[in-house]
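Chain lettering (A, B, C, D and E) follows the sequence in which the chains are written, and residue indices restart at 1 in each chain.
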Amino acid sequence: MHISDTDVAIEITKMNKWYGDFHVLKDIDLRVMRGERIVICGPSGSGKSTMIRCINRLEEHQKGSIVVDGIELTNDLKKIDEIRREVGMVFQHFNLFPHLTILENCTLAPIWVRKMPKKEAEEIAMHYLSRVKIPEQAHKYPGQLSGGQQQRVAIARSLCMNPRIMLFDEPTSALDPEMIKEVLDVMVGLAEEGMTMLCVTHEMGFARQVANRVIFMDRGQIVEQNEPEEFFNNPKHERTQLFLSQILHH
Amino acid sequence: MEAHPPRTSLWNDPKARGIIFQALLVAVLSYLVFWIVRNTIGNLEKQNIASGFAFLDTTAGFGISQTLVSYSETSSYGRAILVGFFNTLLVAVVGIIAATILGFVIGIARLSNNWVISRLAYCYVEVIRNIPLLLQILFWYVAALRSLPSKREEPLSLFGLVDMNVFGLWGPKPIFGEGSSTAVIAFIAAIVITIFMRRWAHKRQDATGQQFPVGWTTLGLIVGLPLLALIVTGFPISFEWPVFVDTGPVFGRGFQLGVGLNIIPELVALTLALSIYTASFIAEIVRAGIQAISHGQTEASHALGLRHGPTLRLVIIPQALRVIIPPLTSQYLNLTKNSSLAVAIGYPDLVATGGTVLNQTGQAIEIIGIWMLVYLSLSLTTSGLMNWYNQRVALIER
Amino acid sequence: AKLDDVKAKGFVQCGVSQGLPGFSNPDSAGNWTGLDVDFCRAMAAAIFDDANAVKFTPLSAKERFTALQSGEIDVLSRNTTWTMSRDTQLGLNFAGVTYYDGQGFMVRKSLGVTSALELSGATVCTQTGTTTELNVADYFRANNMPYEIVAFEKNDEVVQAYDAGRCDVFTTDASGLYAERLKLTNPGDHQVLPEIISKEPLGPVVQQGDDQWFNVTKWVYFALINAEEAGVNSANVDEMKSSEDPNVKRLLGTEGAFGEAIGLSNDWAYRVVKHVGNYGEIFERNVGPDTPLGIARGLNALWSKGGIQYAPPVR
Amino acid sequence: MTDLSYVRADESPNLPPPVNTTGVIGWMRANLFSSIGNTILTLIGVFLAYSIFEPLIEFSLINAVWEGENRQACVAPPDSGLHVGACWAYVKAYLPQFIYGRYPIDERWRVDIVYGLFALLLIPMAIPGVPFKRTNALLLLIAYPIVAYFLLTGGFGLQIVETNLWGGLLVTLVIAVTGITASLPLGILLALGRRSNLPIIKLVSVIFIEFWRGVPLITVLFMSSVMLPLFLPEGVNFDKLLRVLIGVTLFSAAYMAEVVRGGLQAIPKGQYEGAQALGLRYWQMMGLIILPQALKLVIPGIVNTFIGLFKDTTLVLIVGMFDLLGQIQSSFTDPTWSSPTQAHTGYLFAAMVFWSFCFGMSRYSLFMEKKLHTGHKR
Amino acid sequence: MHISDTDVAIEITKMNKWYGDFHVLKDIDLRVMRGERIVICGPSGSGKSTMIRCINRLEEHQKGSIVVDGIELTNDLKKIDEIRREVGMVFQHFNLFPHLTILENCTLAPIWVRKMPKKEAEEIAMHYLSRVKIPEQAHKYPGQLSGGQQQRVAIARSLCMNPRIMLFDEPTSALDPEMIKEVLDVMVGLAEEGMTMLCVTHEMGFARQVANRVIFMDRGQIVEQNEPEEFFNNPKHERTQLFLSQILHH
């Protein structure tokens, strides 16, 4: 199978990472194509967060290479900046800036990183806020919003930087059940528009609905990957089977 | 893949950048130090001042009003500074003990459900901590001096043990005669026995559940054993009482110099001011510490049938201590440092005696260096001790 | 050189005491008066022809020398005793003696003491870091008398402590005793004992190593003495300019170029006398019998009048 | 077994509590005399309060002298047996000096303007609801110091006033306010340095902070007034006030650094990561995200440091500067007013002034603490 | 109707309590027999907690009498001590002592109040810890346990004092759903052994299963009481009806 280089969004090769003596990620190989939507799952502590945090260099890897959008991640601050501009990230705990309004949260990076005029940044921000269906909250502060609304703001904030790849780290796991749906809806919408997405989540419904591929990680390794139907109905590795049985039981 | 680590410009590599920054900082700092040293040497040369610590051996020639180690006008400057150091230490230690006791009392009074008491404690805290310490030192000194009986008038007597006049406090001075070492040995023995007694009491309680009046026994042992030793050896410790003479030559009247124990009023005023001032801060720390332990803990303890005393001792205080100790440490440090204000009322502490030496010799750098070194080491020792204690308390917790 | 620096900045920076009536004392409007202050004004007059071209830095005993060494002040005119160690080891130069003093004792009259030799067992208050402190120690040791010392940072504190009864004896330079007595609650209740236990020549000090500035200071002082000796005072100085006395002519700069030789104008002494008067006037004005201090000239009278104030001739 | 079923038919009314538990009596019973021990405590407390406040009031109000020209007014005639209390007449006569020091009388309007502007800018800054905080802060931190500097020292046609003429409250405020504003940025840098992961920068910051926190302020003041000139090349010299300011600033910067560090520690890691993930650089992240939040958290701590500094300004009198306390002490040398109660009155006055400033500020910090607290919960 | 005195565990007669001017408890009459298991419910603020806290004198009542185990509650400290020894209490927020291990939490009161030898106290503690099924946690600290485990320790701690009456104040309301069951199981066990229990709770399943009697309080009064079946199926007072409809709806 041959793929033109420009179609590859992320290429991870033999990537390894240690925390002190602890080997968190072992020989990770992963190629993500443009427009692919990948769901990553696995037991707690298996290294899912660490892996996607390596992609935008919130963590440093020690061996192997990560190439994002044709740029290899090294110590070079310039390249890190470039990659971070291309890659948006949404966290479990939203990490909105509580001292800024929703609008300011969204315009901050475009203004300071992309050096956009304020007016333009605000227009774009309002556009994305409408897209996540909370334009009317623009002048409130994060503390005044519900968890689901906050997470949607966090997504809008990332989108304002116009990233080509989005990373999600358990975006719904800190939310009450009623709010999970509103966030997933936004993510489904994004997926439908063809955004390249890597998403750590245990929302299996979401995985079935939008993912091209499901990756199962355990003890720092990618143990199995497959198309969702196949993955859920016919897991091959015993650890996957065990994990799925727990998850689906619950 | 990792065969050729990609090249990056030094400037964009955060590690390299960090090293460059630090190297720059080191360079700037070293140059600054070099520059200062060069200027200083130049200035000193110009002014014909010899640097170095040789002056410490020169005869001081001035008197000091309170000396804990032997000192006379013919002693050296170094000795004078040492005298000052011990005087500082004395104030700091006495002040810390007094401030802690007073602070805990006020802090607990602040939480009293007696309205008058808690209000008084509140006023105390809010008045005292919002007035500069220097002012309070001056106040205690001036106000106390002005309102005390003069040297030759009948002194104020406190419980017949201690007399008070403008020359300070006068009390009996213990003289250790032949055989008093037995008492000292008995005292040490009492401490050792106490330790074993406590262990034994603990074990016995573990084994049988019976409680032993540890506190009272300790008190009895520590007071009683030396006393017993004294009685057996025929009371070799005598007390030299101050002598008050009210007739005779003018300068012979009043308390006789060198007889009895005299605490100079500067020391009294300074210690008083320091401990009263610091106690207001400690009180707040104690209050906050106790309040930080949720009410639920007290209730749970009461519900288990523990009375007020054991609740405090076993539940509240162990928890409050870990909240209290770190800020308490910094208050101790503050008190030690604030003792340097002694200079304002003529108490011969380190800064005062050092200042006199500085003035006689002009060795500014050396003297100020000594000051800073001494205070720094006092600070470090205190915080070291307190940290060690804090860790022990914290260990119990987790 | 210092003189050029001083000329360039336009005023003399003068270190004085923080408040000693008769010598240097600010009034409630902040104007400085006193003998030491007037000496500084005389220097300003000599250099700038303006007695007010001077700024005062009040200094504690402890700070005074470092202030001078660091160049923070140009001249220290603050009841400072001229001693050998200060003159040699501290890098200072004493320019002359503006006031011959000696250390004395003050006690309460009620003690009924008439001589310092009766002070055995007394408690003595003094200021720390002064020669006074050392002299007391020497005196009591020499006479084999026990004593206790309480030393304070500032003079005011000494006075307060003495007034409050913290000590039996207050010791400082005799001039200071008279000055400080004014601050006591009941000045009349205190007496100054007759003994003078030390020589305390007080005078202006400059930094070592600048001879020109040293000369200026020295000769301003000499001019004050010479003027008094020659009968020149602020009232008659203009008339005296036309005097035929060669001594007066040289002094007032109508003959010779003595002023230029030390970097000043030739009429430097004229300016001094014109603006602040001669030594006698300064003395009378600040500490003399008609002031609250009421100090007699005594040693500070001219040599010709039984004192020891003496100046080399201008020649 | 009994019939357990029970239904209440009528609502029982809300009754007032038994008399001995409410009103003044109930309150006293509960708070003052709930037990024998408590009663004794109450009596002791009342006695203490009486023995403290009675002489104080007698001295400062009842026996006080309010009018007079000189010491005669405040000295009781001998043998009259009268007790004279506080000599407020003396404070009145000296008040201008306590406020302005020896600042030339004709130029004191300049000081008034400086005081006035300060109040005008600070008050809206301190009240939470008032808008334009950012402009206000800029004015206060940048424009105001420049204006105040020129007004106080002179220049531009104004008569030059040397700093050694300044004194009293003016010096107290100048030192405290300059000290705190100058130490804030330095303190922030040090706090960032202490949290840096570059070992040398961290080490330097730690040493700096611990050094200044380990030594008493007065040795710092001695150092700045005695030693600083030795460090400088010959001929370079600066104003005594400026030297003291440098000493005070370095000293309080160390304390400020620890306050700010506390704030930085309270910011969750997620905020750093959120900012990084958006592509903000280190200084952008600090300046836009972390510091604004951290500083807001530590406003009470900053105010407390300020109170400490404000009280510590009195120490400059030990190096011969005339702050409020120094000015008051120096007025004791004036024989026109010397009387037995002069010193007591002066100190009492100083205590009242310092107390009102400090108490006011500590109340304010308490208020901010509460405010911020609720603000967080939202 | 005559009941032998020794069968009465708690007798509350015309008890009134005020907080300041606020009349919290009005004319409470309640007689609890030995071995009875009473569930108290009612809207928030109705005085349930206050009432049971009066029983072991954590609050003082102002009028009426409370007799526990034949001892009347007065200001007498001795009597309060006696009563507190007989009555165990479990709080909503566990109130374990965080600076002591689980075992120490349990042995503290036996050692200091009952003057029991340490060894014996520990044996008893281990017995009760096994009974609540966490003997293996004995040497951990409370902070290291989950909420449900902590509450079980709190119950064991009370039991170690060998009380004849247990009071529970909403013991499960601060717990996650999974943990509620484990705590309720322990309580059911206790009930089955015949412990006299007063329990403030809104767990209606529990009430049905173990209570002899359900008491409904509102505005400081006991409004209705009945056997559970009767109470739930056939509430008489309109306020009870309203309350139950809300509770069961939820």
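Throughout what follows, a contact is a pair of C-beta atoms (placed from the backbone, for glycine too) under 8 Å apart; a residue touches a chain by one contact, two chains touch by 3 or more.
Given the structure is predicted, the values throughout are model-derived calculations rather than measurements.
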item	value
Reaching subunit D from subunit B through chains that touch each other, fewest steps	1
Subunit A to subunit B, fewest steps along touching chains	1
From subunit E, the most remote chain by mean C-alpha position	C
C-alpha-based rotation, subunit A on subunit E, 0 to 180 degrees, nearest 5	160
Separation of mean Cα positions, subunit E and subunit D [Å, integer]	51
Whole-Å separation of chain centres (CA-atom averages), subunit B against subunit C	43
Inter-centroid spacing, subunit E versus subunit C (mean Cα positions, whole Å)	89
Centroid distance [mean C-alpha coordinates] between subunit D and subunit C, Å	41
Multi-chain contact sites of subunit B, meaning residues that touch two or more partners	43, 46, 142, 146, 343-344, 355, 358, 364
Contacts with two or more other chains, residues of subunit C listed in rising order	66, 69-70, 153, 160
Pairs of chains found to touch, sorted by chain label	A-B, A-D, B-C, B-D, B-E, C-D, D-E
List of subunit C residues in touch with subunit B within their complex	61-62, 65-66, 69-70, 89-91, 111-113, 118-123, 128-130, 133-134, 136-138, 141, 146-153, 157, 160-161, 164-166, 168, 207-209
Subunit E-touching residues of subunit D, taken from the complex the two chains share	2, 4-8, 11-12, 14-18, 21-22
Residue ranges of subunit B touching subunit D (in the complex, touch as defined)	18, 21-22, 25-26, 29, 36, 39-40, 42-44, 46, 112-117, 120, 126-127, 129-135, 138-139, 142-143, 146, 333, 337-338, 340-341, 343-344, 351, 355, 358, 364-365, 368, 371-372, 375-376, 379-380
Residue ranges of subunit A in contact with subunit B within the complex	13-14, 63-65, 72, 74-79
Residue ranges of subunit D touching subunit C (in the complex, touch as defined)	75, 93-94, 97, 101-105, 162, 164-165, 225-226, 229-230, 234-235, 237, 240, 318-320, 329-335, 338-340, 343
